[in-house]
Amino acid sequence: MKNKTKKLLALLLALITLTSVFAGCGGGNGMDSTLSNDALVGQNDENISNAKETGYIRDKITVAFTGATSLSPWGTSNNTPGNYEVYEDLFEQGIDNVTYPVLADATRGGNNPAGIMGYDHEEGTTLYTVYIWDYIYDHKGNHVTADDVKFSYEYQLANAVTSGWEVLQSVEVVDETTINFTFTRELTGLGEFEQIFTLCFIVDEDTFNNSKSKLMVEMIGTGPYKMKAYVPGSELILERNENYWQTNEEYINQAQKANVRTIDYKFINDSTTRILNFQTGEIDLSDDIESQYTVDFLDGGAYGDKYNVFTYPAGLIMNLWANCHPDSICGDVNMRKAIFYAISTDELVAALGGTDEPAYTYSNNTTGDHNDAWNEMENYNSFKGTPEERKAIVDEYLAAAGYQGETLRLLCQNDMTDFCTILVTMLANYGINAELDATDHAGSTTKEKDPTAWDLEYNKWGGNSYICVKWLHAFSWGNTVEGDHTTNFVYNKEWNDLLTLVNSQEGHTDENLTRWLEILYENAYATNLYNTTKSIIYPEEMTYMYRNSHLIILPGACEYADPNA
Amino acid sequence: MSENTNFLEVKDLVVEYTADGEIVHAVNGISLSLKKGETLGLVGETGAGKTTIAKAILKILPDPPAKIRQGEIILDGVDLLKAPEKDMLKIRGAKIAMIFQDPMTALNPLMTVGDQIMEVVQLHNNFTKQEALEHTFQMLEMVGIPRVRSVEFPHQFSGGMKQRVVIAMALACNPELLLADEPTTALDVTIQAQVLEMINELKVKLNSSMILITHDLGVVAQTCDKVAVIYAGEIMESGSKEDLFLNPSHPYTLGLFGSLPKMDDDSKRLTPIRGMPLDPTLDRHGCPFADRCSQATKACHHGVMPNVEVSKDHFVRCIKFAKEAN
Amino acid sequence: MWRYIAKRLLWLVLVLICAAVLIFSIMWFVPGDPAEMMLSGVGTQEDIARLREQLGLNDPFIVQLGNFLYNAFVKFDFGSSYVYKTAVLDELALRLPRTLKLGIISIALSSLIGIPLGVNAALHRNGFQDQGLLVISMVFVSVPQFWLALEMMLLFAVMLHWLPVSGIGTWKHWIMPVIANTLGSIAMNARQARSAVLETSRADFVTTARAKGVHERDVVWKHMIPNAMIPVINALGNSFTAIITSSIVIETVFAFPGVGTYMMSAVSGRDYPVVRACVLMLAAFAAIVNLGVDLIYAYLDPRIKAQYVAYAAKKK
């Protein structure tokens, strides 16, 4: 081959290589988002909020599932796919936060302050007596009795993570359908009843003992669905339980309906792969889709006629907190205020592409105890001044702190580096030097224990329908080994006592919640950066979407229209 | 065929190599002849083109780089250069056989020596397996290797024994022309003598003709009938062994003999031929040896040098002798 | 020869023990606590402390190492995954065949396609086969696997609807992962084969064969190719190990439940039993493949066999 041609060919190949490198990176960020702010929250939700029975039984629905898990039913934070379809608790809670009996007998009990059927409890005592139906049979045909309830509770307590179960003292069988639960104290805390009685699946003891894997790779419960097939790490197939024990229509709650014959869970971790599966029709339903990926599925998009999108506020607190330990430069409250004033939530939302919502307080409206008035409190979170006004305030606090241009260390996890780089830039605009320290999840939990290792940290708090519980997750003194400070080294006892108070039945008042927030902002312990959304892509035929109180979609409980009608 | 016609005749052979766009003139118009039973010694420095001639005769020069530009190679009346490949396949190994220079690499390391000899035997004969095997054993014993060793692999033999295997392989089908390319150069002196003797004996037994390529004048003296001296792809001088040794004429031949160390010479240094061998990529003008010749004149650098017959069948390619003859 | 194999197997066990100690120590020193990983956000410090105790994470280094080595090498018990709660070996027993199958098919295809291409290119030096191979191999080697995987998904699944996007189930699910895995290796094998054949073609014994009057076809197939195959087999052995270990990317993109995805999620979740078992298994695998390649060498090349026998005979 002539030399010149060789060189030309080499150049061409190098160019191809280079372009393929660029094609590989920058994945999702390049996608144009044509979502307007109006289109965001609750788009199409009138489609799926009408619980009218269609009477149509859909043949099959395929759901995408992410994450690694076993099929075990145990643990108060159990996230096995399809767990609520295959297993049942004594009581359950819908998205409206109303607790109702499932395995508990709805025709008995009712003598309790909350007025819920299925159990008796005298106020001021520590005893709760639960009654169950006498005709509960599981998928193996075994009769589920009070002994099985005792077995399930004791097994879960001994072998799984049971958050908040320290108060459970004993479970005693009274007769075949009656169980006595005794606690160390009365369950007056917010959500404490639900933590015990809606978070333990009841499993028949004989079934459990006869299962070779002890229910790690098979699911045998009492619910409207039973497990048909399981390929670990790949697929879980559930089918309708034709011999469901509850035959009395009056007591079948929406969650116990089986409107689909087969539910197929596919385990797909990679978000791009998931979207491609939607495009080929291999998946019908998935939660947890980032809003930027949903463009094609909106009405008018390429797949808009086969799917719909439901976008909802993710309810997460996007938390930026400061290390309040004297060893850190952020130990000075003036420094903290300077930092938090330097970050404008409106600017942040704009920098992220405009599909999110700004956050003006350390709470959001997805929680039942949120108060919009908090958005009007005067602090750095809600500050809406001009950049010049902002700069003046920041400079004032920087001077008060005696800031000499030291570099602050911002700790975060690897998948958040892009976002945190924006934060660093925003701080730099106001003269505050910060550098990024990104590690993986395990690394950051270890590092945050060392007060000399970080100054700022970014993380997210989520997962509960009460804001005070989210606050508790974030700032509980129980999160640290010493137990006398928060994870970000706040030693304020008054604040901690207040936190415990708002998490009790009587202390859960607006006044206390507001006071807690006031202390947070006075001392500049943390800030809420913005409110993000998540999307669910669901099939066009779904006329009603059922989600329980944990925001888990139960495909069998949804309603579907007949595509041929 | 009468005793006087040549068994092998090479006429005006020109071979070129093309490397990286440049042309290397490896063989530049060579003519030789050989009678049946004769041994021709081809003497010259490394790179003079000796091996190329041998490979050209067998037509196993690798074709992309090498090309035979012109010439005739007539063996027993047939022009090999015009012969089709299927005929050459029958000739190679049977009518013409080659003994290679480096015994260490000349044998296939993955085949037993017996198999390698059997291969050539079965290619050119209609023996049954048994007969071929027996013939192979005989060849091995002929070169002094016990027949039980035929199942061993080349790496299990010493250098000298490997060369003997190569010889056995070459002679297995009674070739009429043997091309021996420096067969003893890679061996040490004691073995050299043995191997040469063996080659000679077998040659006499089979009445083969041989072209022995070497740069060792001592070997030439021992085994050859005729000698040709090659420099830069051209024959400088050719004649009988006596002619060359008793009456060396060409300045290059004189230089070669002169550079041999002598037993009775007291001088402390050898007398090499000054200068470097000719760059084969350059075009030729005149005598290739002119730059190094102590007797060169201006006329030596232009034109074609005449091939002068200074005595019967003793040719010298030098202008000096042309004038003298006149 | 048997002595040689026995000696190698003994070394294999030693190598595995060293690998086990190494991976155990590495995971020990990497910051991050599995109990915390599992419970952060849902459990209190007491829960975490209790879980640590349960998992035996509070014992000193030597004790934990000792337990691990004893369980792994004597009882063949690698424990249970912290996340999946199932026995690691059981899970591996399901996943390893998948990854191996993918790997074996890829290797088989890449050698069946790559080696002939390479040999062909070498035999037709500077012809269109050779130039063509140069271009193709450059392209295949340069293309990033995940990019290729995504492009294939877009083309074959989304646009043409010929193949399913991801997961496993039918033979159709395997096509794209195999292709993505194979292309790079085809290029490497072809280049290896080409240069091996080219080098061998310059060897003296090839000229000898021609001088014997052997037909060119036999010169190539009886003399050149067998000798050229030796470095090619070596490269194949390396390829095999590389393909298995690099299956992680393919498995993630195609939601393929093999060893790769198992190990990935285990590393970030600090699921120690899974990481240890997977690493040991991969080490064992690599060692066995190497042994296999060496034995094939010995079978093909008598010089190597002689070396091995001599080595085994050495008093140790």
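By letter and in written order, the chains are A, B and C; residue numbering begins at 1 in each of them.
Everything that follows uses one rule, which is that a contact is a pair of C-beta atoms (placed from the backbone, for glycine too) under 8 Å apart; a residue touches a chain by one contact, two chains touch by 3 or more.
Not measured: the values here are computed from a predicted model.
Geometrically, the chain at the heart of the complex, using CA-atom means, is C. When chain pairs are compared by contacting C-beta pairs, A-C ranks highest. For chain B, the chain whose average C-alpha position is most distant is A.
With each centre defined as the average position of its C-alpha atoms, the distance from chain A to chain C rounds to 38 Å.
Per-chain Cα centroids separate chain B from chain C by 53 Å.
Centroids of chain A and chain B (each the mean of its C-alpha atoms) stand 89 Å apart. The multi-chain contact residues of chain C, meaning those touching 2 or more other chains, are 126. Chain A contributes residues 1, 9, 13, 16-17, 20-21, 23-24, 68-70, 72, 76-77, 161, 163, 166, 213, 216-217, 231-235, 266-270, 272-273, 276-277, 279-280, 282, 439-443, 445-447, 461, 463, 473, 476, 478-481, 483 to its touches with chain C in the complex.
The touching residues of chain C, when paired with chain A in their complex, are 30-34, 36-47, 49, 51, 81, 83-86, 91, 94-95, 126, 131, 135, 138-139, 142-144, 146-147, 150, 153-154, 157-158, 161, 164-169, 252-255, 257, 261-262, 265, 268-270.
Residues of chain B touching chain C in their complex: 55, 58, 60, 64, 88-94, 97-98, 100, 102, 105-110, 119-120, 123-124, 153, 155-156, 166, 169. Of all residues in chain C, those touching chain B in their complex are 125-126, 203-205, 207-215, 223, 226-227, 300-303, 306.
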